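The chains carry the letters A, B, C, D and E, assigned in the order they are written, with residues numbered from 1 in each.
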Amino acid sequence: MARVGVFVCFCGANIADFVDVPKVVEEAKRIREVKFAIDYKYMCSDPGQQQIRDAITQYRLTSIVVAACSPRMHEKTFRKALSDAGMNPYLLEVANIREHSSWVHQKDKKAATEKASDLVRMAVAKSIANEQLHEISVPVTKRALVIGGGIAGIQAALDIADARIPVVLVEKSPSIGGKMAQLDETFPTLDCSQCILTPKMVDVASHPYIELIPYAEVLELEGFVGNYKAKIRKKASYVNFKTCTGCGTCWQKCPVKVPNEYNMGIDKRKAIYTPFPQAVPNKPVIDAAHCTMLTKGKCGICAKVCEKGSIDYKMQDEIIEREIGAVVVATGYDLWDPKPYEEYGVGRFKDIITSLEFERMVSANGPTNGVPVRPSDGKVPKNVVFIKCIGSRDEAKGIEYCSKICCMYTTKHTILLHHKVHDSHAYVFYMDIRAAGKGYEEFVKKAQVDTAATYLRGRVSKIYKKGDKLIVRGEDAQIGQVVEVVADLVVLATAVIPPKDNPDLARLLGVSYDKYGYMSEAHPKLRPVETAKAGIFLAGCTQAPKDIPDTVAQASACAAKVCGIFSGDTMKKDPMISTVNNEYCTGCQNCVKVCPYGAIVTEEVPMGHGSKEMRTVAKINEGVCQGCGSCVAVCRSMAISLAGFTDLQIINEIVSI
Amino acid sequence: MITLGLQEKNTLLAEVNQRSGANVLECYQCGKCVSTCPVSQYMDFPPREIIQLVKLGQRNEVYMANSTWFCLTCSACSGRCPRQIEIPAVMEAIRHLAIEENYVNDSTKVKEIRKFHEIFLDMIKRYGRNYELRMMAEFNIRTRNLFKDMHLAPKALLKGKIPLGVKPMKSAKAIRRMYQLAEKLEKKHQ
Amino acid sequence: MKKVTYFPGCSAHGTSEEFDMTVKMVMKSLDVQMEEIPDWNCCGATSAHSLSETLAYALPLRNLVLAEKLDNATMAIPCASCYQRLKVTKVHMDDNPELARKINSTVIDEGTYKGKVAVKSMLQYCYEDIGLEAIKSKVTKSLAGMKLACYYGCLLTRPKNITHFDSPEYPMSMDHIVEALGAKATEFDYKTECCGASFSISDTEVVINLSSQILEMARESGAHAIVVACPLCQSNLDMRQPDIEKHTGKKINLPIFYFTQLMALAFGMSQKDMMFNKHIVPVEGALANIGKIEPEPEKVKKPRKAVEAESEVE
Amino acid sequence: MDYTKQIQEIASKLFAEGKIDVFVGYRLTGFDENQVPVLIRDQKDVSQLVFNDRSVFNLVNYLKYEHTRNKRVGLVVKGCDSRSLNLLLTESQVKRDKLYVVGIACEGVVDEQGNKMQNCMECVFPDAIVADEMLGTPHEVRKYKVNADIDELASKGLVDRRVYFEEVFENCIRCNACRHSCPLCYCAKCCIDQETATLYNGANTTSGAFHALMTWSLHLAGRCVDCRNCEKACPSHLPLHLLHKWNERVIYENFQEHLAGVHEGDRGAFYKYSMQDPDDFIM
Amino acid sequence: MEAVANNQLVSIEKPEIVAPPNWEPVIIGILCNWCSYAGSDLTGTSRIQYPPNIRIIRVPCSSRVDPWFLIKSLQTTADGVLVSGCHPGDCHYISGNYYARRRFLVTKKLLNFVGFHEDRIQFSWVSAAEGPKFAKVVAKVTEDIKKLGPLHLYKKENFEK
């Protein structure tokens, strides 16, 4: 016979003013199973909890009902009180008589009291069916996987490795460094991007706890937090990294020229190449799509000139597996292709370039030796028009959101332009200047005052050609007039978008992503680096556009979260998960089909006791199950039940009203 | 000066949105429409400002502005609007509302434009089709500008550019009936 | 033989008689049979939708209803303004059956609107239904030597969600057609700027201002003439050209052709039928360029490369 | 439609080659022209087998009993039967390699009075979908038709329907013949008999019948293939097909024209979803 | 899709038992933990008032709701049921509500077919931020069921509370 204790809370006046608390206690006492009922001013306070603890021992209670605020508020508190008194904490039920009664029926005390009594009775009925549950502990593999080797991935990998946790860093391209390696200087301090990034890249390569796998991609991730298994494909580089010294003879002699991605296609690289001089690892790879030896079987020069014999045209992709405990996703961003801006003549006019192209031009190691030039005739431009919000904040042609960094990098570009071409003039068409950040507004002021960049408030409506100039037409809303700027060069601040394959990666990882393709954080405010899937974290622009300081901060936060998971040898997990009753299971595997986490597998069990004949039944993986109950509702034979929300508990609630 | 906060509710906004099917609240004043509009320089308020005035509920300014009459419905603005607002529809909605509520902009230009449209519609009512020469002549008479475009006339007529007659429609009656029914429908609508 | 429903529009019997004539000639030679909508009426143009929402729909709807009585899948309209009104009406009626029923009540004597005829501009019909190949095959007298600025105006490609034809900013269909005729289309950035349209009569100042910019940009592009597909554009650019020249003090002298006139020309038809005499700006100067092929500036020939396109080999 | 000879030959061949342990078919009742299912275990009994338009029962049902479990089985299936077999295969209840399926391109079967069965008149897939061997000339896939009884009942008022079904549930005697005859009801212990369910509603009452039949029809929603074994088995002659056909219609019309057991691997409408599913009934 | 339009089967259920004076319906609300239960909590913290007839049961996800909970509720204590979950696409458990939505539609139609008024079971999507919406939903459901009167159909005979 169940012995239930009921504890009704006044919550100061919050409940007591609108619900007749003594009446609720009285009603509770009339329930057969209730052996003890009491009210108190604040049940959650220490004296309140003490009453529960005392009553448990004194009345030999088998389950507890607390009628107070929402269980989302204090369920944990009261569970703690139960376990302090030596009782299984999952024998607690909370009747929510504050949010669901006293606060929402303030005009009708009688009805509110009646409802509170009903809620208590339901909780009592449910608690009778409660079972003792025990936290599940799951072993942890202490190795982290970082996907993406841009500044976010580099920072996360270094921070985790510094805590002496092994890290596997997988990078898609031949070198780590990411977008930051393409930048000339960084706002708002105008630090040289290479100067601050390269030391970190070298650290990654030499760190004893980091395994760097460049030119590779993640193929599969299975398992659950603490126990993932990742399949990684190492793309064939056709160069044996173990013997290659990175001397550079091969790429000097290679006859095939390909547009150089690192310089946004402004100049050419070879078919065997390192992306840029400071690349880490500084070993070349062969671009299989363009190498004539690999496409047509002709050439073979690099193999001839390589003294170490490191070139291997027969190399195949290799698939490796790593056991890991947590994942940091840092896949970065792409830039939006401005082709839909037909009114600007994008694609028709050579002298319209994107900001990253401009960045490469003004970069000291860039294709034009740090001087911006007009692609059409190679002349140095005088009047340069910068147009912001290309694709950003434009749901008609691009995306709805603000890309966050364009205001600042455009400001930086006006200053860099002024530095590189002293007699130039920058015109900036903007809609708003979003300069919220440390030193950002001062930086904008510097551009507007020191370099006298002309800021025009409005979106450009049309660009057309007159002679060899581009005429840029837009409204300056500040004077309410249409203005036309005669420009030599137009720079488009194109929007930040997630990498094209982000959704694929997200699906592979089992992480949700938004309509644009950014991966979704678990909570926009309180859990900004976690994903809804335990053990997978987000750093940098893979979650949303952000600048370098924010990216680095988020990467370090990810590292802290990873270290948190790895702080013990096992992890604790809520026991409210599904279990299978083998006796009833028919092995139809509907549950396997609907489980959103792949937490259900099958196993073979004997047909009957001692029987040799086997049959298939479902089996829940405790570590993976999140306790949604989807499987329970599709189980026709009612073989699966969800601890904490069993059919019996819910039916008890329904019939006891 | 415009004083805000006196109106109980911005009914203008609701009416314009309802009539046009657009939502002018989406406008974030980027001004792309203004520099796109071929006739914004002739307008009292270019499209961006008209929309802002609608948002501010300034019925008189909006209705009395010549902007809506100057709109050529060339749809260049709406094609480029980043928020995809159907600006020509907004302009049309305002124009119809102004006509219905008897706001009359009596600047010469607007009067001429309006007269032109009225004569044009009248012409269709009478003949079912447009009769260009008569149209031009009637317009000049009604706007008391007898000699406008007279310098074009000899050349145009001589070259047969503007023919002297028109092939009339057989069932002009059907058109007149359409006009009556349309009028009735619009009355009911109001 | 193709069959198509034809809606000539009021101006076909007035200012753009030459468009109407050449369309008929060209279609005949392309083996297309045109059936004129019996007893069509004016589409209402800008005036109707300036003053009355109902009439703006009712006038075109009557034509749409009449067109359904002919048994053709498509209707082709030479006048851009008529095309726009009919297409807008069609799209709105198809989207909103309630509205369609309401407007239909004003022309119920003619029948019930079903929405089964596709509405296309003559340009669209030539480009999509006839096709460049068919046009090319009829060319007997190439227009090589002529440089032409193709001017589309507002209504043929805009708004995109109504017309669903070509680019609203930088369309190329007419350019492709004139190139199929042998002429060269110039890079012309004012392709879709407005000429002033219906202000032709009511506000000449606007028309002069807007048209002059278009003419100037066409001149700048190196064109010998402008090609249009809209009677109103033609009349604004042609008839107002003397005024514009007087106003700006610059000689322009750009004849304005309908694209069908040039098609007829290239198909080797008699110049007399094309009614070039109706043009205010004389066409002879521009037509004199036919056959005068400028020698291409000779390029310094580089040694042929082994691998072209994406990559190259030194 | 009479394939008696062919089936006898096939069964005899299968036994001769040692390919099967048991053959599930039909035999005559012995006192009239109607038929009952029969399990043939020996080649010499093959002559008992018949097949014509009186072969109404869905033999797939016999795959769930011990007699056939883990044995190599030969089986005759019509269009509707094959769909239920498809479902059993998908739900891992039978192994395809242990079955030899004789598929029939079915012309429709008749009831005891010799009238064509209603479900045959509305049949969408008359030909067996799963088969090792086909008999008869194949048909084209037909258009889905809404059941005539459903149409009639749905057009009545709510009160009429309630009165109608109250009588139906009142007449149920909870004998469970329906679920025993259903090839898709193969649970070791039916949920309706489990403690949680019987706790408040186990009795043989109208409300108990209501609860049992509702749960049963929902478990078969999107899976029922309309073979009407249940109806034939029901001693109270309840119009059980109404519940199934209604669900089938709702599912067909709302969930991308889903029909049960048509595709291999398709578990039924409740085990998949689409973004286009109707949402307008939800506030 | 149109054929079983949502209003097609609704007609008035004839109440055989006349509602006693001061009769108040009992409505069972089954809410998912992450969106609707949180939303109902927000209704509370915002002090938005709604009729007191609803009794709330917490489940982890709307996909936990087995149709026979609804049948059982109507057979035993409830005059009406409301099930509420996360908006499509917002499910805490990724896809639970999509499966649930299918079951709900079929259950609702089936119960209507055998004689229950359609308003007896209702569904809603209420997010954790939609406190006011929850109050509105409850008010509407309560009002609908008050109009229908007490439910007596297939009630468990001699059921003792």
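In this section, a contact is a pair of C-beta atoms (placed from the backbone, for glycine too) under 8 Å apart; a residue touches a chain by one contact, two chains touch by 3 or more.
Note that the structure is a prediction, hence the values are computed from the model and not measured.
J.: Please give the intersection of the contact partners of subunit C with those of subunit E.
T.: A
J.: Enter the minimum step count from subunit C to subunit D; a value of 1 means the two chains touch.
T.: Tracing touching chains, the least step count from subunit C to subunit D comes to 2.
J.: Moving step by step between touching chains, how few steps can get you from subunit A to subunit E?
T.: Minimum number of steps from subunit A to subunit E: 1.
J.: Comparing A-D against B-C, which pair counts more contacting C-beta pairs?
T.: B-C
J.: Taking each chain's centre as the mean of its C-alpha atoms, give the chain farthest from subunit D.
T.: Relative to subunit D, the chain whose C-alpha centre sits farthest away is B.
J.: Any idea which chain sits dead centre by C-alpha averages?
T.: Answer for the innermost chain: A.
J.: Nearest whole angstrom, what separates the Cα centre of subunit D from the Cα centre of subunit E?
T.: Inter-chain centre distance comes to 33 Å.
J.: What's the distance between the Cα centroids of subunit A and subunit C, rounded to whole Å?
T.: 52
J.: Could you work out how far the Cα centre of subunit B sits from that of subunit D, in whole Å?
T.: 69
J.: Which residue numbers or ranges of subunit A touch two or more of the other chains?
T.: 343, 462, 594, 634, 647, 651, 655
J.: If I count partner chains per residue in subunit C, which residues reach a count of at least 2?
T.: 168-169
J.: Quick one: which residues in subunit D touch 2 or more of the other chains?
T.: 197, 200, 270-271
J.: Please list, in label order, each pair of chains that touches.
T.: The list of touching pairs comes to A-B, A-C, A-D, A-E, B-C, D-E.
J.: Can you name the residues of subunit A that touch subunit C in the complex?
T.: Touch residues, subunit A against subunit C: 255-259, 268, 271, 289-290, 292, 342-343, 345, 348, 462, 464-466.
J.: Contact residues on subunit E for subunit D in the complex?
T.: Residues 1, 3-4, 6, 8-14, 67-68, 71-72, 75-76, 88, 95, 98-99, 101-117, 122-125, 137, 140, 153-157, 159.
J.: Give the list of subunit B residues in touch with subunit C in this complex.
T.: 38-39, 42, 69-70, 72-76, 78-80, 86, 92, 95-96, 99, 109, 112-118, 120-121, 123-124, 128-133, 135-136, 139, 148-149, 152, 155-156, 159-163, 166-167, 169-171, 174-175, 177-179, 181-183, 185-186, 189
J.: For a test of understanding, state which residues of subunit B touch subunit A in their complex under the given definition.
T.: Where subunit B meets subunit A, its residues are 28-36, 40-41, 46, 48-49, 80-84.
J.: Would you tell me which residues of subunit D are touching subunit E in their complex?
T.: On the subunit D side, the touching residues are 146, 153-154, 157-159, 161-163, 165-166, 169, 197, 200-201, 203, 205-207, 210-211, 214-215, 217-218, 221-222, 243, 246-247, 249-251, 253-255, 269-271, 273-275, 277-283.
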